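The data blocks that follow each hold one structure.
The same chain A turns up in both complexes below, where it pairs with chain B and then with chain C.
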Partner chain A sequence: MLELKRALDAKGHCLLEMPSGTGKTTTLLSLIVAYMKAHPLDLTKLVYCSRTVPEIEKVMEELRKLMNYYEKEMGMEQNILGLALSSRKNLCIHPSVSKEREGKVVDGRCYSLTASFVRARHAADDAVPICEFYEGFDAHGKEFPLPPGVYNLDDLKEYGQTKRWCPYFLARHTITHANIVVYSYHYLLDPKIAEVVSKEISKSSVVVFDEAHNIDNVCIDSMSVKITKRLLDKCSNSITILETTISNMKENDSKRLEKEYKRLVEGLRDATIARETDMALVNPVLPSEILEEAVPGTIRTAEHFVAFLKRVVEYIKTRLRVQHVVQESPAGFLRDIHTKVCIDRKPLRFTAERLASLIRTLEISDLTDFSPLVTVSHFATLVSTYTKGFTIIIEPFEDRAPTVSNPILYFSCLDSSIAIKPVFNRFQTVVITSGTLSPLDMYPKILDFHPVIMTSFTMTLARPCILPMIVSKGNDQVAMSSRYETREDTAVIRNYGNLLVEVAAAVPDGIVCFFTSYLYLETIVSSWYDQGIIDQLQRHKLLFIETQDAAETSLALINYIKACDNGRGAVLLSVARGKVSEGIDFDHHLGRAVLMFGIPYVYTQSRILRARLEYLRDQFQIRENDFLTFDAMRHAAQCLGRCMRGKTDYGIMVLADKRFSRADKRSKLPKWIQEHLKDTNCNLSTEECVQICKRWLRQMAQPFSREDQLGISLLTLEQLQSEEMQKKIQQRAQGV
Partner chain B sequence: MADEDETKEYRWESGYEKTWEAIKEDDDGLLESNVADLVARAKRKRAALKATGAIQLGMMRHLFVVVDASACMFLQDLKPTRFLCVLKLLEVFVHEFFDLNPISQLGILTTKMKRSEQITVLAGNQKKHIEALQQLKDLSCEGEPSLQNSLERAMNGLKNMPAHSSREILVLFGSLTTCDPGDIQKTIKALKDNNIRVSIIGLAAEVRICREIAKKTGGTYNVLIDDHHLKELILSQVQPPAVAGSIEASLVKMGFPGGTPSVNDGTSDSSADHAPAYCLCHIDSETSSLMGPNGYNCPQCGSRYCELPVECKQCGLTLVSAPHLARSYHHLFPIKPFIERAQVPNTTHCFACAKLFVEAETNVYECENCHQIVCLDCDLFIRETLHTCPGCASDPVTAQMKTN
Partner chain C sequence: MDDYQTCPKCKTTKYRNPAMVLMVNACGHALCESCVELLFAKGSGACPECKCPLRRNNFRVQLFEDPAVDKEVDIRKRILKEFNKRQEDFPTLREYNDYLEEVETIIFNLVFDIDPAGTNKMIDNYKKENKDITQKNRNRQSQEEMELEELLEAEKAQQSEKANLYVNAELEEKKQKHKAREKLIDELMFSDADAKSIVASHVQATAALAKEQPKAAAQPSSGVVKSSKFSSGVQIGLRGQHTNSFLPIPKQEDLPLYRYTAPVFDYDGPPPPAIEKLGKLNYFANIRAANITERAGGYTEAMSCCRALQEALGGLFYSPQLTHKTAVLATNSSTQDTDDMETT
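And then the complex of A and B:
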């Protein structure tokens, strides 16, 4: 809290690492709210960005508790409005639209019911369906602000139901004057969405990125485009549709096209007015000067533009017809496209905006079919806008199946600071926090900002409730490692298997294992099967495996939880960087132990990664190896952190790779794990590890009540104020 | 554990024991000493709980002991093996159990190979149980245990017991997994509906389902640290638990067979009572022999038994002797809890055991009545075994008051 206050005072950015379950959310919320109350002029708004919908809900729950506490203590209603925002899919209350399961379809259908031209048409002809909730909101909702309080997604829906207002648009409207906004990072980071949703958030806001250990990847993903052959084929289809619609319209209603033409001459700025509902199609980040310029003549008329698009698509198609891997810079790409099909840079920059405008004019309400074309137009705009920090890679086939031709064009962002830069520049304080941010000094480098505070907090615990261990060898003393050279070694695989079997015999309930990749997981499991290890394992616990298929994985997860609840016990084999490692908590009995088989290095042969490494080296002086280790260790820490979700929880963390005990790896673990990783536990064999587990589990199983924590990890007010404690706190919070 | 078992075991056969860690100085403020502290506190809590008094205790207990006999019971982390160690302690338990709860009944189940087997039926004869336990030693442990099957079986046995008795199940569970045929939640619910209390002692680590069962049925769940702790845990089950909710009070018919007639003096009232007869306890076993005039005759049907308490095989009457009843009587009037104090300046030693108080011992305990100071261990001993305060008993004034 102290550190956070300092950052707020300094109006600077900060980076905090706090273990999960230590009240990170509550701390952030309560301090910032208090600060807002004390200095209403300096700090007007809190924007809390989280990752998933359940996380958003959790934050809202904390906020509600805080508000109730305020009410109880102060004895009056609080004049604070807290709000959660999510996609239409989660907020829609339209009877039929809300039944759709895919986000894109909901967006598309919503658009077809609420777009300005649809409503205009409805005014003329009652048969055109519109959304009554949106109409209700449009008619009344804007004048009446939401009463103060805390609204999570369900509350918004309920409120919308009673008032017959659309909760989604209500929420989006309310963002501008709400004090606390909670939503997903994408609303702020993805320039395509941020432009529309978050534009009006004032400068004097605090932005919090929770669970932000992957923030650089989110930034990069939001700016990268991947084009496959299938996508291009679909593009061609949509272009044909566009053509026919245009020719139809020409016959019936040529006036509209003319009007659009005129508007484009005047510039795009006006076009952005009155299109709040049309946001499903928005431009990627466009420097604002582009919006002020007029659209170049060559693509102003609809037919010309479609022809232009056709050329672009055809050009990309020819580029995909390569036999070997091509890597080039955006500048090179532009030069090539200029010489081959005579397309200038300037019209390319306008592609996205022009397409949006065209679709609007043509009154095409079903947007879902056009998404491939939109992707291509984004690509065109991005490639012509940014020349630095991006690369284009064309691969004729996938690495895994070199015989199958499956050309893909990656337009990949190499610099994560591009997407986040506007955020840092605009807001006075940006807080980046997560349970696993170590090593902290890497983030300012790759995100290119200067934090005023960088701190890693540890947990104060009444008992040693995590047990990290590095297991480096099997009982036969063969070193365990997922190194490339020893990967196929049966001795190593067998040792990994034995380790799992023995741990499974000693640890109750749930065990989660992480492998470095799906490929590795598959080879290991198949050789375990041959070696009979799977049979041994199933004597103790049931076995579940994460696959690349999301539905299958969630089914496996459900059954895993069931097996743990029933006392049968289960082992879940999953992959670092997979769905399980990122979003799912294995608290209490669901994850009594986490095993990390090997160091989860990212696939180093990938060309995108290589390009990025090169870029990082040239631009930020980060050595390749440093970045790779950093990336691997934060994922390892992320996986390990899955089993620890609070002070009453306990879990074993086994790092099964010889290389973990090296100083460069070990020192990159979060401080709260390092603190418990004793030197004696750094080079264990399987048997030693199991012995330690057994003893530790018995200790942890002893009754543990609230009083035991009092004075150590739970403080009363008097204890907190005592001088000794103050000193301790100061000591603990030493910066990195 | 008996000594001869220890000597049979070679050091290299046992697991890793980092003996140096036990004496390690606790500089980081965590680990062992802390856990030991927790255990001590739990002890104290137990003592305090027992001392609250004025609660209705289920004196007439029907208890099923379920012993895990799955493959993991062969592990040697308890000496000589978990299974043998548990059986040995159970013998002590059975003995203590009938000593403190003479009018209760006990049954033994085992579970292995996903099934559950009945070793002894609910009965009040401790000899029989102990014999059965001794025979169990040769049983081979294999397969997986099934919590659900054993709980169901125990429940079937307990369901029909009279409502005024306390129905309990004690599970000694070594495995970390259970292989169940159906939804165990239903079983838990049925147990709860039948007012059956399930207490579980885990031999390896905390298993969530066990904790849940114990919590939902009002029992306790504990995991051992070592064999001493296990003994403590098992023996803590000897004390009758407080009755959950209100159980209807009812009258129980009991028989008090006449005191043992001595062999020498032939001055008995009726000669039939002392005529040599087969003891009904052993009638069906091969070792049965005609017994002399020693024994107890059922006042209702006249069957002879060699030991009390027992339930008459002929007429189903519970046969007890007056001292038995008196022994369970103290459960109703436990002594008041002692007051916990920091070191008292002018007392240097424990009143009961005369042990000197050392610095390490932070708390001592004072009796409310006689103001004598005892140590923690004595406090527990008084509470669990003596059931009377040595200070009060030795002081003629208070002792007089008590008898009045």
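And then the complex of A and C:
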């Protein structure tokens, strides 16, 4: 809280690592809300970004508790409006549209019911369907702001139902004057969406990125484009549709095309762009000085533009017809496209903008078919806008199946700071926080910003409730490691198996194991079958395995939880970087032990990764090995952190690889884990590990009540106000 | 993927004859190579589809999936050779854009055979009017092209330079590590000294090496930074350096974890009051209070006050003429340092 307050005072950015389950969300919310109340002019808004819908709901729950407490203590209604925003899919209440499962389909159908021209047509002809909820909102909702309070997604829907207003547009509209907004990362980081949703958020806001350990990857994904052969074929289809629509329109209603043409000649920006419903199509970031310029003459008329698109698509098709891997820079690509099909850089830059304008003019209401073409137009715009920090890689086949031709063009962003830079520049304070951000000094480098505060917090605990250990060898003294050279070694696989079996025999309830990749998981499990280790394991606990299929995995998870709940005990084998390692908590009995088999390095042969490493080395002086280790250790820490979700929880963390005990790896673990990792526990054999586990579990199994924590990790009001405590706080605040 | 490509004349497909190559001519209709040889044995003939007279020499390999695009690109290249005005040739952007559109319309007309007579007339007119500009522009690269070329060259230079540097640095490092290890083993084998002390000295040596490393790594980066240029060749600032403002993180491998030991200060004077007591002793009365922005960074007025006091009191008892005994009497503290000073 102290550090956060300092960052707010200094109006700078900060980076905080706080162990999960120690009240990170509550701390952030309560301090920032209090700050907003105390300095209403300095700080007007809190934007809280989280990753998934359940996490957003959790934040809203905390906020509601906080507001109730304020009300109870102050005895009056609080004048604070907090709301959650999610996609149309989660907020739609239209009886038939909301039945759709896929987000894109919902967006498309919503657009076809609410676009301005559809509504204009409806005014002329009642048979054209529109959305009554949007109409309701449009007619009345804008004048009446949402009453203060805390609204999560369900509350918004309910409010929409009673008023017959569309909750999605209501929420979008309310963002501008709400005090607290909770939504997903993408609304800020993805330039295509941020432009639309978050444009009007003022500078004097605080932005919090929660669970931000993967923020650089989110940034990169939002700026990268992947083009496959199938996508291009679909593009050709949509171009034909465009052609026929244009020729139809020319015969029937040529006025509209002329109007569009005139507007483009004048170089005016789209007047309709302010219409909120028409924004299903948006363009990726363009420097504003270019946007002010007029669309170049080569693509001004509709037919010329369609021919232009055709050339672009055909050109990319020829590029995909390669026999070997090609890697080139955007500049090289631009030169090539100029010599091959005579396309200059400037019209290419306007592709996305021009396509959006054309689709709007043609009044095409079903946008779902056009998404491939939109992707290509984004690619064209990005490739001609950015010459640095990006690379183009064309792979004629996958590495694993070199005989099957499956050409893919990757336009990959190498610099995660490009997407996040506007956020840092725009807002006075950006807080990046997570349970596992170590090593902290890497983030300012790869995101290219200067934090004023950068701290890693530990937990104050009444008992040693985590037990991290590094197991480096089996009982037969063979070193355990997932190194490439020894990965197929039966001795290593057997040792891993024995470790798991012995730990499973000693530890009650649930055990979660993480492997480095799906491939590695599968090879190990198959040889465990041959060695009879699976049979031994099943004597103690049930076995569940994560697969690449999401449905299968969630089924396994449900049954795993069931087995843990009824006391049978279970083992879950999963993969670091997989679904389980990212979003799912194994608190209390669901995860009494986490085993990390090997160091989860990324697949280093991937060309995209290689290109990124090279870029990091050249641009930021980050060595390849340093980045790889950093990436591996943050994922390892993320996996380990799964089992600790609070101060009353306890769990064993076993790192089963010899290389973990090296200083460069160990020092990259979060501080709150490092603190408990004693030197004596750094080079254990399987047997020693099990002994330590048993002793520790006996200690942890003792009853643990609230009184035990009081005065150490939990303070009553009296204790907090005691002189001794006040002095301690004073001392900390003086910064001694 | 091209398996379904078919020659319209002999109906051969790429699937049946993988060696088949489709060719196109000015009219934009495709023919396979063998058909071309057969039909145009005389050197010229009519296109089997549109009956338009063609020369054999003008047949090219079809690049794109859609032969119409091939035709268009062909026409475009021809037209753009003539219509090569640049934005610099026009007073306003608007006129340039109008010109671009006109060019586009001409190409469009030629591709779809709309009003061929009128279009050709337009082209001829243009040719006559703008002879010298066209000639001049042919030898001149446009601004954009130049920019791209420059970028590409810079990239190339950077790549080769960096690749060499880093590869060498890494090799060197590996060699050194290997050497150090060998040396340690040799020493352990042959020397008579205590094994512990040998290992300790080895650890120290590697630590010293690791410290040197970052310096070495930082050097290449500064050498390669390339400043951008105006078109006239005038240098613009050193913007490139801005992105390189970070130092490389020091590499630490196989080192013991850092442990903090409190430093021992020797003031040579009366000990200054503790920082917590400054307020009680009323020292702050003489000092400017820290403002709110300074406090945010962790600065307090106590710091500067404490420092001023230390500076004022430090060294008061220091005197090179004094004998050893008096110094001891005066300070009542450990005098090892003053001892050393007297001897020097």
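As a working rule, the second predicted complex is superposed on the first by the 712 of 736 C-alpha atoms of A that agree within 3 Å, B and C clash if a C-alpha of one lies under 4 Å from a C-alpha of the other, contacts with A are read in each partner's own complex, and residues count from 1 in each chain.
Definition applied: a residue touches a chain if its C-beta (ideal position, glycine included) is under 8 Å from a C-beta of that chain, and two chains touch if they have at least 3 such contacts.
Keep in mind the model is a prediction, meaning the values are calculated, not measured.
Considered on the superposed chain A, chain B and chain C are sterically compatible, since they fit side by side. Contact with chain B, but none with chain C, is seen for A:Leu697 once the two complexes are overlaid on the shared chain. In the superposition on chain A, contact of A:Glu688 is made with chain B only, not with chain C.
Once the two complexes are laid over each other on the shared chain, residue contacts for A:Asp657 go to neither chain B nor chain C. After overlaying the two complexes on the shared chain, residue contacts for A:Asp155 are found with neither chain B nor chain C.
Using the contact criterion defined above for the overlaid structures, shared-chain residue A:Asp509 touches chain B, although it does not reach chain C. By the document's definition of touching, neither partner reaches A:Glu260: not chain B, not chain C.
More residues of chain A are in touch with C than with the other of chain B and chain C. Look at A:Asp138: by the touch rule set out above, it reaches neither chain B nor chain C. Of all Cα pairs linking chain B with chain C in the superposition, the shortest spans 16 Å. The residues of chain A shared by its contacts with chain B and with chain C come to none at all.
Residues of chain C that touch chain A in their complex: 1-2, 63-66, 69, 72-73, 76-77, 80, 93-94, 96-105, 108, 111, 144-145, 148-149, 151-152, 155, 158, 162, 166, 217-218, 221, 243-244, 246-249, 251-257, 275-276, 292-293, 295-300, 302.
By the touch criterion given at the top, residues 15-16, 30-32, 34-35, 38-39, 41-42, 71-72, 77, 144, 147, 176-180, 183-184, 202, 204-210, 222-225 of chain B touch chain A in their complex.
On the chain A side of its complex with chain B, the touching residues are 461-464, 505-509, 539-541, 564-569, 588-589, 592, 687-688, 691, 694, 697-704, 708.
Here chain A touches chain C in the complex through residues 6-7, 9-10, 229, 265, 267, 293-298, 300-301, 303-304, 307, 310-311, 314-315, 317-318, 321, 329, 331-332, 334-335, 338, 340-342, 344-346, 387, 405, 407, 441, 445, 448, 452, 617-623, 626, 662-664, 666-667, 731, 734-736, going by the rule given at the top.
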